[in-house]
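Both complexes below contain chain A, partnered by chain B and then by chain C.
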Partner chain A sequence: MAHDASQFSVDERELQSRRAFFELTDDDLRRLAALRPFAERHLDDITEAFYELLLGHLETRRFFPDDATVRRVKAMQRQYFLGLFDGRCDLAYAQNRLRVGAAHERIGMAPKWYIGAYRRYLGLILDRVFEEVGDPVEARAAYQSVQKLVAFDMSLALDSYIDANLQTLGRHQAAIRELSTPVIRVHDQVLLLPLIGTIDSQRAEQVMETVLMRITEEKAEVIIIDIAGVPVVDTEVADHLLKTTAAVRLLGARTILTGITAQVARTIIQLGVDISAMPTRARLADGIELALSIVGKTIAPKAV
Partner chain B sequence: MGGPIPILKVGPNLLTTIHVELTDSIAEVFQQDVLRAIERTGAGGLVIDISVLEEVDTYVARVLADTGRMAALMGTRSVLVGMRPEVAATLVRMGYGMEGVETALDVDRGIARLASLKENR
Partner chain C sequence: MGLRVLDAVELPIRYEANIAEVRRSARALAQSRGFDSFATAALTTAASELARNVWVHGGGGSAMVEDLSDGQRSGVRMTFRDSGPGMSAADLERALAGGFSTARSLGLGLSGTRRLVDEFAVDTRPGGGTVVVITKWTRF
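For the complex of A and B:
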C-alpha cells in the first residue's frame, strides 16, 4: 500500500523551509547523532513504556488486536526511534516520516492518539536524557534537538494524514457517484439505468454523462431508464430526462422510459409536460420487450 | 471539389468523415462539395461521420443539419454518425438537439439506418 504514502511528497525547498521554521539545524542533527549510543541503550525500555500507554488505553488498544500485531508495530517503533538518532534529515528521511501519517489514516487512528503518544515519547526521552547527560546545559540542548525533530516528524505525519484522508473522501464520493448511476447491460446493445432516489440538477448532469459514456462504450442502441424508484417526478425531473433523451438521440441511440406509475402519469399530464420524445411503459418488463424489438429480438415462449 | 474533406462513394451511398475543424469557409466549401457529389452520383444516402470531432458548436451543428436538409431536397437521405458523448451533452445543454436529423452510433449502423429508411419510403 506504498502508493498511498507516495501521493503526498516533500521537495528540497519544502524540506528546507520546514527545517528552518522548526529551527532544526545541522548542529541539532550532530547532537542527535552523538546520542545514538544512548538511544540504543534505551531502545527496549522506551519502546515498552511507549506501548504501555497505547495498550493501556481502551480506545487505542483496539488498533492492536493480537500479539503478532503488537510485535510487528514494536519492531517498527524501534526503527522509528533509532531513526531519530541517525543525524540526518534529508528527503529520504522526510519520505519515511510521511508514511507514518498515511499508515495511521489507513487504520483509522485519529491524530489525537498519536500526538498524545508522541507526548509520552518525549517524556520518556526527557527523563532519560537528564538522568544520563551530566551537564544540565548539554542535556537541555540535547533534549531540544530531540523535540525539534519530533515536532518536525509530527508535522509531516499530520500533512500526510490529511492528504490520505482527502483521498479516502474522494474515493468515497466517486463510489457514491457510481452507485447512483448503475448502468447495467441487459442484453446486446440494450442498457438499463434504474434510477433510485431524488434527482437534482447535479445528479441529472451526472446521469446524462454516464449514460452517454456507456452508450458509446457498449455501442448500445437502446437505453431503458426506469424511474420506479424516483419519489417525485416534477417538471424539472421530466426536463432532465428529456435532455438526456435528446443527447442519447444525437449519439444515434434511443431512450425508453419505464416505471411510470399512475401517480407519475397524472403529474406529467397535469403539469403539461410533453415527453412524447421517449416511448414510455409502466412496467420494466414491457420496456425490455420494446428495447429487444428495436434491436431485432423477441422474447418468445419456450416451445414445449 | 476544392475542400479538404473527402467525400467517398461507397456502394449506393456517399460517406464523408469530417477530420478538420469546420471553420466558416471550410463549412461552406464542404456543403457545396456534398451537394455537387449528390448531383454527380445520384447517391441514395449520405453518411456524415463526426467521430473525430472533439468540439461541435451550434454553428457547426447548424451547418451539418442544413446540409442534411439540402440533401433531402435532392432526394438523398442523410444520417449523422459517431457523435462523441461530450459533444452531445454540450449541444443539448445549449438547447440544440438537432431535431429531425437522423443519427447512428457509427458508420456501419448509419448505412444500415439508410437502408431501413429506404425500405420504409
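For the complex of A and C:
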C-alpha cells in the first residue's frame, strides 16, 4: 500500500502481550472457528444492518459518496467479518487489522465513528448468537470470544490510527518548515529571505542550509535576511544569524539584515550582542537598495 | 501596601517547543498588564533566554509566571527552575560577567538577561540545580 501512512507494526512479543491482556486464548479462537458456519449464514444481513448505521448518519454518510464506494466497502466488510471467524490471531492477522486504522486516518474518519460502528457489530452478533446457540452457557462463551477479538482489533486500529495521525502531523510540520524559509530572488545575484515566526534549533539549521544552497545555485552575491516577522531576537537567534553570516561569507557572498524594530534594537543592545558583522538596515527597502549597490546596480527614477 | 500575587501559572519546560510557550505566556501577561512595547520585548526576551537555559543546561524544568501588584505598579515575576548540574560560585560570577558559556553560543544569556529586567536573583550550587527569579515592573 503506497499510501499507507502508518509505520506501526506488531512483532511476536507484542502480539502475545496484547493477546494476554485481552485474555484472547486458543480456546477463544477455536470457539470462533466453530462459529464460522453461523457467520457465513449471517454475512449478508449483518453487513446490511451495519451499513444501515453508517449510511443513516449524516456525518458518516459523507464517507460513502457513491454506490460504487458503498459496494466496495461492503465487500471489504464481508472479508473483515469472516476474518473474525477464521480461528487465527497471528502476525498476518494483526497486520491486516492495523491497516484498518491507517485507512480510517487517511480518509479522516475519527475513531468515535468506528468505535460506534464496532458497537453496532457486537450488538448484531449478540442477538444472533443468543438466538441460534441453544445453550445459554455456550452462547455466553461464544459471545465473550467475539467480544475479545473485536476489542483486540479495535486496539490495533486505534494504535495505527494514532501512529498514522502523528506521521501526518510530522509531514505537515515539514511542509510548514519548508514554506517558512522561502528564499526569493530579488534581482540577479540578490536573494531575500523573510523570516517569520519562532526560530528553534531545527529551523535555524534549515535556514542556514537553504540559504547556503540557494546562494550556490543562484551564484548570489548578497542575501538579505529580513527579521521583521521574528517575535523575539534573543542570544540564540542572534547567534544563528551570526553563524549564517559567517557561512555565507565563506561562499564569498554577503548578508544584510533588515526588519529590525526599535524594540529589537534596544533588546539586542541590552543583551550585549554584537551583530556588527552584519550590515543592517531598519527597512527592507533600504536593504534592497544596499544589496543592489553591492552588485553595481541602482534604483533610479524613470527618465521621462 | 505590600506585594500581592494576583495569579500564578507554572509551565513545564521539557521540549524545545515549551520555550516558545513560556515566551508567549510572558508576552501575553505583560501586554495585558499595560507594559509598553520596549518593556514587553525585554521581558519576553529574558524569558526566552532563561527558558532556553533550563532546556539546554538544566535538562528541563519549569517556569512559574506570576502576576504581581505592589499597589501602584503591575509586575511580572518569573521563576525558572531546573535540577541540572548547577554552577559553582566562580562559574556563576563568570556567567554574570558575560561572555562565558559551558555550551556553544554567545555566553551572554545570564549577564544580558540581568540587564533586561528590574530584579534578578540566582540560586545555584554544583549538583543542586539552578533557580533564577526575575521581575519586571510597569513604568510610570
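Here, the second predicted complex is superposed on the first by the 190 of 304 C-alpha atoms of A that agree within 3 Å, B and C clash if a C-alpha of one lies under 4 Å from a C-alpha of the other, contacts with A are read in each partner's own complex, and residues count from 1 in each chain.
Here is the rule we go by: a residue touches a chain if its C-beta (ideal position, glycine included) is under 8 Å from a C-beta of that chain, and two chains touch if they have at least 3 such contacts.
These figures come from a predicted structure and were not determined experimentally.
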Item to check | Touched partner set for A:282, first chain B, second chain C, both or neither | outcome: neither
Checklist entry - Now for A:162: first (chain B), second (chain C), both, or neither, which partner does it touch? => result neither
Checklist entry - First (chain B), second (chain C), both or neither: which does A:198 touch? => result second
Item to check | Contacts of A:34 with chain B and chain C, given as first, second, both or neither | outcome: neither
Item to check | Which of chain B and chain C A:264 touches, first, second, both or neither | outcome: second
Checklist entry - Taking the superposition as given, does A:234 touch the first partner, chain B, the second, chain C, both, or neither? => result second
Checklist entry - Can A:272 be said to touch chain B (first), chain C (second), both, or neither? => result second
Next on the checklist: Show me the residue ranges of chain A that touch chain C in the complex, using the header's touch definition.
Outcome noted: 198, 200-202, 231-236, 238-239, 262-264, 266-267, 270-273
Item to check | Residues of chain A touching chain B in the complex | outcome: 208-209, 212-213, 215-216, 219-221, 243-244, 246-253
Checklist outcome for this item: Residue set of chain B touching chain A in the complex reads 79-89, 91-93, 97-98, 103-106, 109-110, 113
Item to check | chain A-facing residues of chain C, complex | outcome: 16-17, 19-20, 23, 27, 37-38, 40-42, 44-45, 48-49, 52, 98, 104-106, 108-109, 111-113, 115-116
